Amino acid sequence: MKLLGEDIVTETGEFIINMGPQHPSTHGVLHLKIWLDGETIKKIEPHLGYIHRSIEKMSEKMSYRQFIYLTSRMDYLSAHMNNQACALVVEKALQVEVPERAKAIRILLAELSRIGSHLLWFASVGLDLGGVTPFFYAFREREAINSLMEENCGARLTQNFHVPGGILEDVNPDFQKRVKEVIKQLKDNFHEYDEILTGNVIFQNRLKGVGYLSKEDAISLGCSGPTARASGVVCDIRKSNPYDGYEKLEFDEVVLTGGDSWARYQVRMAEMLQSIKIIEQMIDNMPEGDIVAKTKNVIKLPKGEFYQRVETARGELGVYIVSEGAATPYRCKYRSPNFANLSAIPIAAKGGKIGDLIAIMATVDLIIPDIDR
Amino acid sequence: MGLKDKLEFPGQVHETPDGSFIVSQLDNLINWARANSMWPLAFGTSCCAIEMMHTVNAKYDWSRFGFEVMRATPRQSDLIIVSGTITMKMAPVLKRLYDQMPEPRYVIAMGACTISGGPFFYNTYSVVKGIDHILPVDVFVPGCPPRPEALLHSMMALQEKIKNEPYFRKAKEEAK
Amino acid sequence: MKILLAYSLSGFASYLHRLLSGFIPDAFWLMVTEMVITGVCLLVFLILLAFFLGYMERKVAAFMEIRFGPNRVGPKGTLQIVADTVKLLFKEGLTPDLSDKFLFNLAPGIIVISAMLAVAPIAFAKGFQIWDINIGVLYISSVSSIAVIGILMAGWSSSNKYSIIGAMRAGAQIVSYELSVGLSLISIVVLSGSLSLNDIVESQANGWWILKGHIPVLISFVIFVVASTAEINRAPFDLVEADQELTGGFNTEYGGMKFAMFLMSEYINLFVVSAVAATLFLGGWMPFHIGNFTAFNHIMDYIPSSIWFFGKTLFIIFIIMQFRWTFPRLRIDQLLNLEWKYLLPISMINVLLVTLMAIMGWHF
Amino acid sequence: MNNEELKNSITQILPSATFDESGEFMSVFISSEELLPFMKELRNRDELFFDYLFCETCVDWKDHLMMVYFLNSKTHKHNIVVKAKITDTINPKIESVYDIWKTAELNEDEIFDLFGVTFLNHPNLRRLFMPEDWPGFPLRKNYVDDNMIEL
């Protein structure tokens, strides 16, 4: 077939389209090159780097107090967990014991931002599949969480609340009351999400059986977080390598075996409820005391290699620091969950339609700046 | 010397500095329409895009001002809100998107990264240090990321700017 | 009654006719003048209608999405669409270099004209109709199917891969759903025994078809609303545009006034579809009557027929708008499955049932 | 399996391997030529069964490059770090582990892009982040860029 003198079909009869870097469903600047046969996807090749900001190189020039805050710009929806990982790796290397109150506040805010992140994901699933209204309902609650963050951290999105050894400042005096309000609002409105999207027949048909990812593939592709848990992989870092006192809390790791987009959807919806459960356990018995452990002004890590993993809203974030004993890291590597989850898309979407690809990208929930770093 | 002193007799047709009466009224109409109907391009690269989405939502609701029609294709949009860092690899793409938009087109640089590179100014090899190296920017919004109110303010500032823009007058001057 | 008739649309039309025939004695030229006046009025009406529906759509969306919607431009934001239109009018008219320029510029025209043609036989009020053609239903369903040619043309000539995918989807979708729309119209045609829209309205004098309790009519009403939503490419069947998949589908490369024409044709189509549904199933301009309950019927007759017609049409438009903002979009294969595996067989059986009813005289 | 047992099993596979237990995970040092058969054994032996490669990266030590593989076994729940030393810094080469863990594809693209390590038998080796014609490898210690403003 020729279009105005140009060959638009390859020799094997495939139609190549470029989805991105600017495309409404890629949630940023992901570029997917797609080989199509009619509407059926034959092959997908991701092209990255449109938001590669050289965070790893910058970290090598920054002190251990500074480099924490770069990571909130990676996966900005779980900025809090990213900062936590960096603070934890420094604490682990210095062998500093974090005060109990700081730990509790860390967990509370981390779980709140996990809910906020999943709410945004819920909004964008609806939007990507063509239903605009769920977007506004989810953002109503996300806005409440953002206001709460702002009251305590001073920022809505990139909170930058961690310092090595604890947290920057104590929370608001009426923090507990406000958290309870937000949680109540969430619980009261949660049924609306099910009514508007989960129960919709068209929505279920768009997700069920779409983008199947087997357990073996999920492990081999290095997937983590809800994407992997929907395929039956047990991989919650909060359970397997607990940090900051997650071991004392009671919550379930949501693991489903469906492997399709519908399972991924259900895992995230259930995780929101688990996060609410964690917050409810913590909020009434927050320990009193210090919020930050004493550290030197100029932190120098001992010579060696340190690795710390945390569970962000999208999976396992690993911070790998090679220290030569100086005030800056020698090498700093972020194992980003989205980078590994991205490689699931070409496999899950193969043989599907263009509409399926949108559903898969929506449920795998990629944050592109975290992929590119 | 005032305008009145120049007139030789009352009722004389004269050229005002802003063009004739009809043309300036049409200018006002067109500028009013343009200012009140800015359709942004659905374009976001990083964190600021999330705050842009918050501006869409019910609490801030930019549809009140007529910005709500977010078009996915540059051909139908009037405004590009550059929300987030622009890297060396993205810069040609952004330029191309801008070139694809029909005139008149406006640019808002949202966030510190688009103004100067922001947090990614030092020690970075891949970030464009300010999108004014690539595009002509109408309004800069500082912040990392800016609050939704700040974005709304910037769009209203852009409205003010558009309302003072000549359309017919400019064409006339170019013809001269 | 006489005073009310004087205010009705038909009274105004006949007044105009008398006035003009005083000035122009020649019958031919009188007709030409009246045609020009009608054409101008229709254009103005349709543009105002598109403004109104555009505004209504934004407000319905805002209502469903717990926000305000446009409220800064003009009182309560009513001038929002005017601003949009003036802006689009003065925007750079862009034709991409690689496009087939003739077809590219022709396509919006074809789509708008096919949408406008379908307005002709619709009865806006009692005795007020642009063209009382005796095959009105057939005419509407054939004219509205021209639009697919325009969409294919737009997609093909844009020289954009997304546009081509969108256009091919449009071809498959509109042609398939045409069948169900046609079959669901046939059931009413069979029951009322006429293809003329006026006769169909008259046949509902003792009750609207949908309220008479015939189950096949209910089925064909539902099928008509679903299939016609698909035929005019509105969500959840807007695969042809599919913002999130194809960044705009067949109109990706269009901007400025050419794009405004697509928007306008979308709203005119929406109006036509709702008007046809209102005419065929909800009695058009026919007031709400209950059998032989004369007193009640007379009270209902005092409400002008045009208000009945527009009220019913707006109600159906409101329903279709609610679809758009609630439902996620279908996938292309699900869309075609829905038509060929469900709607088409059901409507075929439905037509059989209706025919049986009509032959046996089981309806009233 | 604890570190001692892991050490025993690994010494059986590769007697020349050396160990370092100072960090959180036990590190195994091997040379780059031995990588692929060694990794295959780690993945396929039932008592080791490292099926999850959760991090793959490279460290530039100026005189040599060190490939770092973080391995985890989902069934046995043990972790290990494999470090393969590449002595040639001008034209570094190593076998790809894509056949064993599919996640290596993008990770190795990234390392090729930022460190310039060529992976043999990689299905689609390309510059992932930087433009194709970008000079130099940014994460190398000897990388110079005139546009970079250093603090």
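Letters are used for the chains, namely A, B, C and D, taken in the order the chains are written, and counting of residues starts over at 1 for each.
Assume contacts are C-beta pairs under 8 Å (C-beta built on N, C-alpha and C of every residue); 3 or more make two chains touch, one makes a residue touch a chain.
Model, not experiment: these values are computed from the prediction.
Trainee: B-D or A-C: which has the larger count of contacting C-beta pairs?
Mentor: More C-beta contacts join the chains of A-C.
Trainee: Taking each chain's centre as its mean C-alpha position, how far apart are chain B and chain D in Å?
Mentor: The answer is 48 Å.
Trainee: Centroid from C-alpha atoms only, then distance chain A to chain C, rounded to Å. What do you get?
Mentor: 45
Trainee: Suppose each chain is reduced to the average of its Cα coordinates; what separation in Å results between chain B and chain C?
Mentor: 37
Trainee: Centroid of chain A to centroid of chain D, CA atoms only: how many Å?
Mentor: That pair's centroid distance is 25 Å.
Trainee: Of all the residues in chain D, which ones touch at least 2 other chains?
Mentor: 129-131, 138, 150-151
Trainee: In chain B, which residues are in touch with two or more of the other chains?
Mentor: Residues 57-58, 72, 89, 122-126.
Trainee: Multi-chain contacts only, two chains or more: what residues does chain A have there?
Mentor: 23-24, 49, 52, 54, 57, 61, 135-136, 140
Trainee: Per the touch rule above, enumerate the chain pairs that touch, sorted by label.
Mentor: A-B, A-C, A-D, B-C, B-D
Trainee: Inside the complex, what are the residues of chain B that reach chain A?
Mentor: Interface residues on chain B, with respect to chain A: 41-47, 49-51, 53-54, 56-59, 72, 74, 84-85, 87, 89-90, 93, 97, 119-120, 122-127, 144-145, 147.
Trainee: Considering the complex alone, what residue numbers of chain D touch chain B?
Mentor: Against chain B, chain D makes touches at 129-131, 138, 143, 145, 147-151.
Trainee: Mind listing the chain A positions that touch chain D in their complex?
Mentor: Interface residues on the chain A side: 45-49, 52, 54, 56-57, 61, 92, 217, 219-222, 224, 233-235, 240, 304-307, 316, 318, 320, 322, 330-331, 333, 335, 339-340, 342-343, 347, 372.
Trainee: Spell out the part of chain A that touches chain B in their complex, as residue ranges.
Mentor: Those in contact with chain B are residues 21-24, 28-29, 49-54, 57-58, 60-62, 69-70, 73, 76-77, 120, 123, 135-136, 139-140, 142-143, 146, 156-158, 368-369.
Trainee: Using the touch rule from the top, collect the residues of chain B that touch chain D in their complex.
Mentor: Residues 88-89, 121-126, 129 of chain B touch chain D in their complex.
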